[in-house]
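The first chain written gets the first letter, and so on, giving A, B, C and D; residue counts start at 1 in each chain.
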């Protein structure tokens, strides 16, 4: 029996300047799927995401060296989800981690061969979105734009975008596409969170204004810091404590003056979260990302269904993030980046 | 043995600015095929249409949630009609009625996935015409134009058009296609009848003049009013009488002063029809539509072969609609819409 | 064992502004193949043509209502000729002679459906050249150009052209192709012979000069008149004598003053042919066509191998057509068309 | 078990203005593979190349009339090399050596048919690079550019280039591609060596500067002269001695005053090679080519694994080719071509 996906409680946004609708919270295979999580637990995670209305699943050829795509593809097959209800992405650039010079980058060769290999691992005829996982300064932009357009015209993807490109690179890709009458990139996958705001809010701003660029956010919890895990110091049962030598630099960071100040801020954020009715600070950190009108989707990367369920509390508090709450959060973090001067515009 | 289609008594028109020839009367699956009519009766209807020279059959993914396409496709297969003699259309926009955000609209995703699904239901490799069933203001026009062009270049359709778009939207699509050297939309499927004239005759006029836009007309009998069914009040054996609560508003409409005036007009039209040799007023209302040089085809939606045969009397009286008769009809309805001012042009 | 085609004694010309090499004499299926000639005799004719170095075989969907393509395709298969050595053409316009409005003309629908049907009859994956067999004033030129380009990009043909179009129509097609960056038509198939010169030598002249347009000539013997058959009056054993009523108008033409003058000219031409070493006047009439630098190939349509062999004598006398001989022929026919004024250019 | 290709000791360069990485030394099938070398020895040669980090293998439809492609294809299959690690090229122009006028050249017909035939012989779905093996002045450049673009869009190649074209022809192809928004040629395969420098260093210079044109070098040892074979006169066991009549002109060349001066230079080059640590002069001649920043890859054509191993010493001495060594080599050969005047630029 096919999986009965119900979008009803989810919030959907257009993926930037496209007609594609992506769930404002999505699930990504980075670090977890195919790596630390395999087999049935992957199915549990994906089922939890689907049950909460997630329709967008993010992946990349490099995630767990291809294993992440294989696991996701297997689960979609086993759950028998209607393909047209899913939005699946992958990213081409790093290959599956081999050292061969042509098994990575954004040459036409690797984009075409990488795409074929990804689809095979995913057991799909097409992804919805294909990302250039990084910029490739050693390949001319015209080759990159032509190759992604080629892949789309072949029917292997509907949209293409970038990840961790500079605004200038995205601007160049758009200009090249326009010059050649080819399909523009429509989405960037940047890091964005309450602790990393500069690039998203300042550098990308003209792209949001001029092109309505979509974004799918990775690391919205700043690598775990915004999950609240360390907001009261390093817990006794954490991997930091059991392996202090390996995590020396991160421990030092957490125990520094700056680290302690940050933990203080997160504790304050946690108080706001609780007040708004969330059980955890992560939910508020995620909701804060999702509330940004330039964010299309916030990618979650939980390793356990319970954790994912906690994340989804963000959906419930999202409507409560009014101007007053947003201002309160700004006052806690004091890190609103200064915009570039507009010289009187 | 393949069905022996004979076009000899039909009138054919070019579909707007194309070389495609469509029968001036066509048959559509809306409301009936796959819904209230299923199985052998569908075959009887389609055979009656073919026997009368109809070559154009209209459908949409949403008609009876996909069942209309399935029924039509099955009948074409069973009758073994020569594919190149048929003109088949479908429309993409509403999906098959599910609530999923990506199973409708005019995103590249839905146009491609919807087209694939329609062709599968129709058991065809291609339709002749694919319509955007409605405008999608949440998808940029460039994406829409590119996606329909993509579908045509893949060989899944020969022409594309719109249904119930504004003239401005059609104009934008044409401009985008021209800018990108892509294939223009060539046809609009609007509502048009003696009782609904404004949009067709005024708003679309510049498109007819500038682009020779084709039109395939839905509801040429104004939802049944022009069939003459209610021209002498509500018949005793009608569904209105047997279920007065459900049809309250329509009964009120018919029994209002305005309703009675309209019935008076239809009775006058009926007299003209009889004089021209038709057995029924619908035949004249249909012929009146077909006589408009900007109409490519008038879609019939009868539920019974006998009713369809009555409709086809329109073909016989069409040549009789000379200037005098057309003027007489104008005098009965008094609803010729005023054209937009041309400021001396 | 595959047929061992030897091009060595043939003269090849580029097909107008293309890299394709066509034998200056070619064989066409018009009137004969699949019609009056079927089965093994077709194989004998095609083998005779191949043995004489012919690589170009002309056909059309309408020739013998599709039977000509079927017969040619069958023979190529049976002889097992190397596909890359053959240049095969077909022409789309008239369908296979049915009255259906969409089974003819130059709509995208008929070009695509007609092409598919032709290739199926020919048992080929592609033709080398596809012609629009006539102009279609009821289809916009952009639709025609786009459709032929589409068919070429799909791999079903390498080049496209026209047959019996006006110079203005060819010019329009080239202009449309240039505007849209699509592939230009490169060849016209006109009637041309010592008795029909005006259109080729005057109307098409600017196209030869501006675009290097190629031509493949039909009726180079003016429907048999230049074969010398009637140069001494109507032979007793001819079909004209045995069925005088049916051929009344042609008999009258031949027996008129003008007809007798023409026969006189052909007798004079015959004398030149004999002097040059040919056994028959047709060989000279054919060589005269082939000598025109704007002619790419002269299509032969013999019904018997022996007749074809006689035709190929043209190859031997072609090098003898020097300025003196050409002038002599002009003096016999006195029909060199006057060029359009160039106003001092 | 698939062949375990290790790129680690090889130097890779971008193929001109593309993202493709080619090993600076590559292996080509010209003269040897499928001709004088067949069967297992081919496998030994290719394995030796792969073992030394070569990823680029060059071929052409004409090499040993198609046998070279067949042998290479067979060996890739038998070794089970990962396709995405290989860069395979072929060249279209000469066909497989038949006299048929359409089985060679750069017509759309031959480019498409030749490509299909090459891929079949290579047992591959695509090559990485397809070259026009020579210019074809009898085919318009637009047809050539369109055809190579067509082949790339079909997925049969990723890049295209030329071989032995003039700079003007390459410039025209680039201009045509730009005008039509098609894919530019990106690589030229010229002859280049210490004994043939003019065309590469002077004629192509503007193309390197304006377009970053890539080059893959054939005959880097000048047909064997730079291998040192004849630097001490003609060896007793050489083919020249055993068949003096056949090689008369080359013997005369070697024994002329000029020939003796050249041998003297090669002996001096040999001394430099030994000083740099190479066992043979060829290694230095090859390294000298590879050191040119406008060279993408130097194609080796050894007939024996041992010879190939000797060639690869070039990789080790390449880093030693500093300005001083380069100047020393210039002083030995005294043949640095004069650049075209720039009139003060």
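Just so we're on the same page, a contact is a pair of C-beta atoms (placed from the backbone, for glycine too) under 8 Å apart; a residue touches a chain by one contact, two chains touch by 3 or more.
Because the structure is a prediction, the values reported are computed rather than measured.
> On the document's contact criterion, could you list the chains that touch chain C and likewise touch chain D?
Both-contact set = empty.
> Is the contact between chain A and chain B built from the same residue numbers on each copy (over half shared) or from different ones (under half shared)?
Because under half of the interface numbers appear in both copies, chain B and chain A meet with different residues.
> For the sequence-identical pair chain B and chain C, what is the superposition rotation angle on Cα atoms, to the nearest 5 degrees?
When the C-alpha atoms are superposed, chain B turns by 90 degrees onto chain C.
> In whole angstrom, how far does the Cα centroid of chain A sit from the Cα centroid of chain B?
Roughly 45 Å separates the two chain centres.
> Let me have the rounded angstrom distance from the C-alpha centre of chain A over to the C-alpha centre of chain C, please.
64
> Can you list the chain A residues in contact with two or more other chains?
181
> Report the topology of the inter-chain touch graph, choosing from line, ring, star, complete and other.
Graph shape, chains as nodes and touching pairs as edges: a ring.
> Can you tell me which positions in chain A touch chain B when the two form their complex?
5, 7-8, 12, 14, 17-21, 55, 82-85, 87, 128, 153, 155, 158-159, 181, 183
> Residues of chain A touching chain D in their complex?
99-103, 105-110, 112-113, 117, 136, 138-140, 143-144, 146, 150, 154, 180-181
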